[in-house]
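Structures follow.
Look at the two complexes coming up: chain A is in both, with chain B in one and chain C in the other.
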Partner chain A sequence: MNRFSYARPTDVAEAVREGSPGDVRYLAGGTNLVDLMKENVERPVRVVDINRLPLHDISDLPDGGLRLGALATNADTAWDARVEERYPLLSSAILAGASPQLRNAATNGGNVNQRTRCYYFYDTATPCNKREPGSGCGAIGGVNRIHAILGASAACIATHPSDMAVALAALDATVQVTGPDGDRAIPFADYHRLPGAEAWQDNNLAPGELVTAIDLPDERFTGHYTYLKLRDRLSYAFALVSVAAALKIEDGRIVEARVALGGVAHKPWRVKTAESVLHGETPSHNAFLAAAHAITEGATGHGDNDFKIGLARKAIVRALRQAADGTPQSQTDKRVA
Partner chain B sequence: MATATLDTPTESRSITISLTINGQLRRLPVEPWTTLLDLLREQEGLTGTKKGCDHGQCGACTVLIDGKRINSCLSLAVSRDGAEIVTVEGLADADKLHPLQQAFIDHDAFQCGYCTPGQLCSAAGLLAEGRATSRDDVREMMSGNICRCGAYTNITDAVLEVLEKETAK
Partner chain C sequence: MASSARIGIGSPLSRVDGIAKVTGAAKYAAEHRPAGMLYGFAVSSGIAKGRITAIDDRAARAVPGVVEIVTHENRPRTAWLDRSHHDQVGPPGSPLRPFYDDKVMFSGQPVALVLAETFEAARHAAALVEISYEAEAHNTDFDKALAEKFLPAKKRNTFHPPKNRGDAEKAFAAAPLKVDAEYRLATEHHNPMEMHASTVEWHGDGSITVHDKTQGPQNVQAYLSSVFGISAKKIRVLNPYVGGGFGSGLRPQYHVYLTVLAATMLERSVRVVLTRQQMFTHVHRPEAVQTVRLGAEMDGRLTAILNSATTSTSRYENHMEDVVIWGMMNYACPNASGDYTIAPMDTSTSGDMRAPGAATGMALFEIAIDEMAEQAKLDPLAFRLLNYSEEDAMNGTPFTSKALREAFAEGAAAFGWDRRKAGPRTMRDGHELVGWGLATGMWDAMFSKTSASAKLSANGDLEVASALSDIGTGTYTVMTQVAADTLGLPPERITARLGDSDLPAAPVEGGSWGAASVGAAVQVACRAIGEKLLKAASSIEGKPLGSAGIDDVTFDGGRIVLKSDPAIAVEFTEAMRAADLQTIEVEETASAGISGMVSQIRKSRNTHCATFAEVKVDEELGVVRVTRIVCAVAAGRIINPKTARSQILGGVVMGIGMALHEETMMDTKLGRFMNHSLAEYHVPANADIDSIEVIFVDEPDPEVTPLGVKGVGEIGIVGTAAAVANAIYHATGKRVRSLPITIDKLQD
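On to the complex of A and B.
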């Protein structure tokens, strides 16, 4: 690990002052940043430890929504009674990810800001446009079983590794940030970005900006939802493909459909126009298949990951069936029903 | 240039932190890049906590921080200033083994033993969480601890036995 200077502010304004100049990283749970520092992928000159900031609470919003503090841990969030009751999709997605130890340390802000697990990003001996702009992409033409099939670019085919973020995308969350130029709210769909030519930029945070909270709207999908995660082993592995699905069904017809994919793109993948394919339909295999094709339109494999295209479509169909039937995927009994 | 000295990243600069480790309050000078794992093993001589992968993937370094299990390899010690740490050395009550330690012996829940301190601390965390009720739950909630000898079946039996005894109380 490189040597760095260390600051531990106790209020948000002070943190932003400390965090603004140059090569600075905010430290929360450390489960991703400390690992990347050990690998020499991250080499901050200064680390601003934000764990003493008052951002640990989960609180009701006046409009009926829920505010998840940026420093609330993933475990405390997944097991918060209000989250379990009102946003079971989010609880399920969090519990599908990482391990209990990691979820006890990892925070909500850190979860959405975690970086790709692309092998080439981690291996400083190989080219990577995300780690070293302009050096090339080792994954294109390399070993790319875990890589993106949607929204990738000639510069980068990395995926976003989070499960939590997939549920947040489906739930239309909002990311609250603060920074040198003040506060702003970023709709979740606009928070992460596709790699384009600037693969090093995971999201649309400006330099020095800090996530303070994630807000969930007062729109609850408690009856018809599922988080279906497919991976090489049943626990403690990143998704090859995951699906967060949420439906509203009235008089036997779908009136609202949300589908977000993980493990397939540089950001949680949602296509709102494709979701509308389901509106007015009765839940059926054919309707789900049509939606699956619409959501994955333009999917492109890179060799090792060609299988993900078919897998994603089947996973969408299966997840929509689970959601429609009101039988969400268990995160302990891993049999896919 | 007034802040230049403060920001020189190559300068070795200890920060004194307080930790309660296995019930003893300690004031410890640490460099900011020292992980809690290295502090426990190298500075405090508590070598029960193991360094397996050093990347949060194996769970051998699991300790309890303020009652919750975490990977000490991914935690900067300086960031845990003021916390209460329990390592495997702190689980037993003097000469009386922790119920999990006894259950691991009774069920032959290890071969080489390298992962065992992490398994024990993780299982203690699991019990405190109060979420596991079934064998499937235990298997999933112990998935952050790898055992390359493959003692999983007996580890699960041991944890389940203590869980059932605690629940029956």
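On to the complex of A and C.
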């Protein structure tokens, strides 16, 4: 860990001023940043501790939606009565991730900004374009069972590790940010990005920009939803494949379908045109399978992770069935519903 | 009067060090902070093989607080001969000498040590040390290494070569039923909770005190003395508390070498703690491939066993394990042959990890046995009973005891095995396929010469001590119980001391020999105390015990009691006062010569277990849940059913990890293990562990060791992985022959 200067502002404008120049990192829960600093992956010259900013609240929005403060913890969010009642998919996804201790410390803003768990990204003795642009990708042709099957590039096959973000993608959340050039709202689908040639860029935040809140729209999907996470042990592991599924069913027919995948791409993976395959269908295995194929179209393995393609399709089918049947996956009973 | 609730051997005494551990009073190696201590941080090699061509440490030295950077270029002199770097339990070869020269032999090898006034400065500066290498071609691909497999002429002294019998090839060729398959086990790392660390106190008079994470303080003491040319008398190694070992601390690891090197060079106290990532740069369970060929008659009687295995080692040392002998010992079969080799790779040397050899070789063999049982259309338990061997079938010797049959019976009853449906995919629970699997486990019941001292104070308090280690297994508690049992004292009057090289000689803690060995030593020491007490009692006026000899009395409640008339008794304190003794001190040694063990050398000494597993596998997705384990253990006399049960539970959990999770993944291009953290190297989490029932079957065995104790540290892991693998087959019909069975292996 390198030496860095440290600031602890108490208001947002001051934080943005502190955070604007150069190699600065905002510190919230620290559950990811501090680990990365210990391993010399993140080497900020300045750390701006934002924990004193007034961004801890969860509050109702006038349009019926809900605003999640960037500094509300994952635990407080998952167990918030409004989140549990109105956005059970989000609550479930958060509880599928990490451990109680980590969720107590980790924040909502930090969660969506957490960095990949790619082995090569974490190991400074190895090549990684995300960590060190131009050094190459160790995972391509290397150990890649946890890597991307969709939307990857020749520069990077890392995945985004968040569970929460997968649910936020399915729910069409909006990320509120502020920065040197003022405030803006970023639709969740546009928040994270695919690696392309610029693997170091995880998302579309401009330098110095700070997440202040995540807004959930009024569409809630309380009846037909699930978060299904498949991983290398039954708890406390990052997703090999996860699926956030939400359906609106009227008169036995699907009128709206949302499916987002985690663990398979550099961002939560959603294909809106593929979701529309389900519109007007009655819930059935064949309809779900068709959607699964449409969503994973173009999936490519890199050796160790070839299995993820088939597994993702099966997981989508299963998740859609759980959602349609109104039997969402429990995050404590590890039997797959 | 006579104490009624005698707490001795067989009592479920809670561990006596428990409160110290949960309150933080127990200090571990990295928790000592002598005055003026420097912090060391190791720099690890980024290449697998080659030479260091340049070291640029200017930026690192410029960090405020940095005192020195040690590399091969400026290190002090250490012993020249290879043999001076050997330790009590290391394999044949040339042990690693950190900073010896510019040669890099494996990725992660320590190549520099930064010493600074603060940990933060040391860690930061370590990242600034620029090392240039000239890389050479390496091989860390086990499959390629197999081309170089060999059996070294110089064997490890604990290695037991397989003994062939009959004509296995011929019998196999003629057998109507055959299994012929290759099985694999991934590399595993021990990952004890406590990272390897040393704090060396520099006293300034040529002596050092070393607080080390080790399983053998006297092994470390002898090693350091030999390597650094310091008299052993001037080196005291302490490890009173060890946060898990599993074998990773049997040998002196490089952290202690680095720490002492720096302390002697700078003449200051130094602490070095490895990071979790660096815990993947030394010892590990070797990668293994095992080919099992079995032949049987149509009725299921085994006629041929051909068991062949290769495990990985480094290029500089030949680590060997007993991999293929277990199946040959355990099954009655007239024809059996074994073949074992090792394959060198450009990695650090593999080493012993919980039940080394057996956890690999018995587990993989037991999957093959399951396959043969199916071919013979026999229930897996019936198949094992049909081929049950009362004697050690490989060595042709009787066992001192083998209650495996009883373990099968009690385990099966507890599990409800008789309700198992034959054939795969025959049981289900909703959309989960249910599978029941069984495997046999086997391990050595070893005994190692051990000394212990005992000191009885005038107030009646007893201290027993030995230089053994307690790596979390309950050794303190066992020593306390044996002393309580022998001298009839309540445990709260007894203090057990261990983990100190100054204490009476003891082996490294490993191999499950600790309880049997130190238990015997404590017993003989306490008996000697008893004899001295009886002699002292003769000084009491009127000689209340008359001319009673040691066999005429018992010790109970701090008193010597006449057997023939329990109303006549003498307090220990009274006897000591009468003889004008402030203390009674003895040191005794328990060796294989006592208690008739020598005459029994022609017998085999082993523990056994029968492990039953239930898994539920999601039919579509291949998600596996291990819902029940019953582990029935035949391990002789159980000193403490509570700590012994904990050992079996731990072994079973580790076995579940072996079956489903644990795998260190090698990037063969870089020659480097990649998932070097506990986020990506998976051990079972709470959610992965459901019901585990431990049964100790009655197995009286006065011959095996002086106390009839066999040890339980390792047997719990041995049967588990195969039981789970066999259960997965029973559930799914999919035979996975490489461990761990991760979800990808269960996809269509």
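Everything that follows uses one rule, which is that the second predicted complex is superposed on the first by the 337 of 337 C-alpha atoms of A that agree within 3 Å, B and C clash if a C-alpha of one lies under 4 Å from a C-alpha of the other, contacts with A are read in each partner's own complex, and residues count from 1 in each chain.
By definition in this document, a residue touches a chain if its C-beta (ideal position, glycine included) is under 8 Å from a C-beta of that chain, and two chains touch if they have at least 3 such contacts.
Every value quoted in this text rests on a predicted model; they were computed, and no experiment measured them.
Looking at the shared chain after the overlay, A:V12 reaches neither chain B nor chain C.
Of the two partner chains placed by the overlay, neither chain B nor chain C lies in contact with A:A294. Once chain A of one complex is fitted onto chain A of the other, the partner contacts of A:N2 extend to both chain B and chain C.
Within the superposed three-chain model, A:Y236 lies in touch with chain B and with chain C [touch as defined at top]. Contacts of A:R117 after superposition on the shared chain: chain C is touched, whereas chain B is not. When the two complexes are overlaid on their common chain A, residue A:L311 makes contact with chain C while staying clear of chain B. Look at A:A189: by the touch rule set out above, it reaches neither chain B nor chain C. Shared contact residues of chain A, touching chain B in one structure and chain C in the other: 1-3, 38, 235-236. Of all the residues in chain C, the ones that touch chain A in their complex are 44, 46, 107, 120, 123-124, 127, 275, 277, 430-432, 616, 618, 620-623, 625, 660-661, 665-667, 669-670, 672, 674-677, 679-680, 682, 684-688, 742-744, 747-748.
Chain B contributes residues 6-13, 15, 32-33, 35, 54-56, 59, 62, 68-71, 74-76, 78-79, 81, 122, 125-126, 129, 131, 134, 136-137, 139-141, 143-145 to its touches with chain A in the complex.
Residue ranges of chain A in contact with chain B, taken from their complex: 1-6, 8, 27, 29-31, 34-35, 37-38, 45-47, 49, 51, 75, 79, 98-102, 104-105, 235-236, 331-333. The touching residues of chain A, when paired with chain C in their complex, are 1-3, 38-40, 117, 119-120, 122-126, 138, 141-143, 145-146, 230, 232-238, 240, 307, 310-311, 314-315, 317-318, 334-336.
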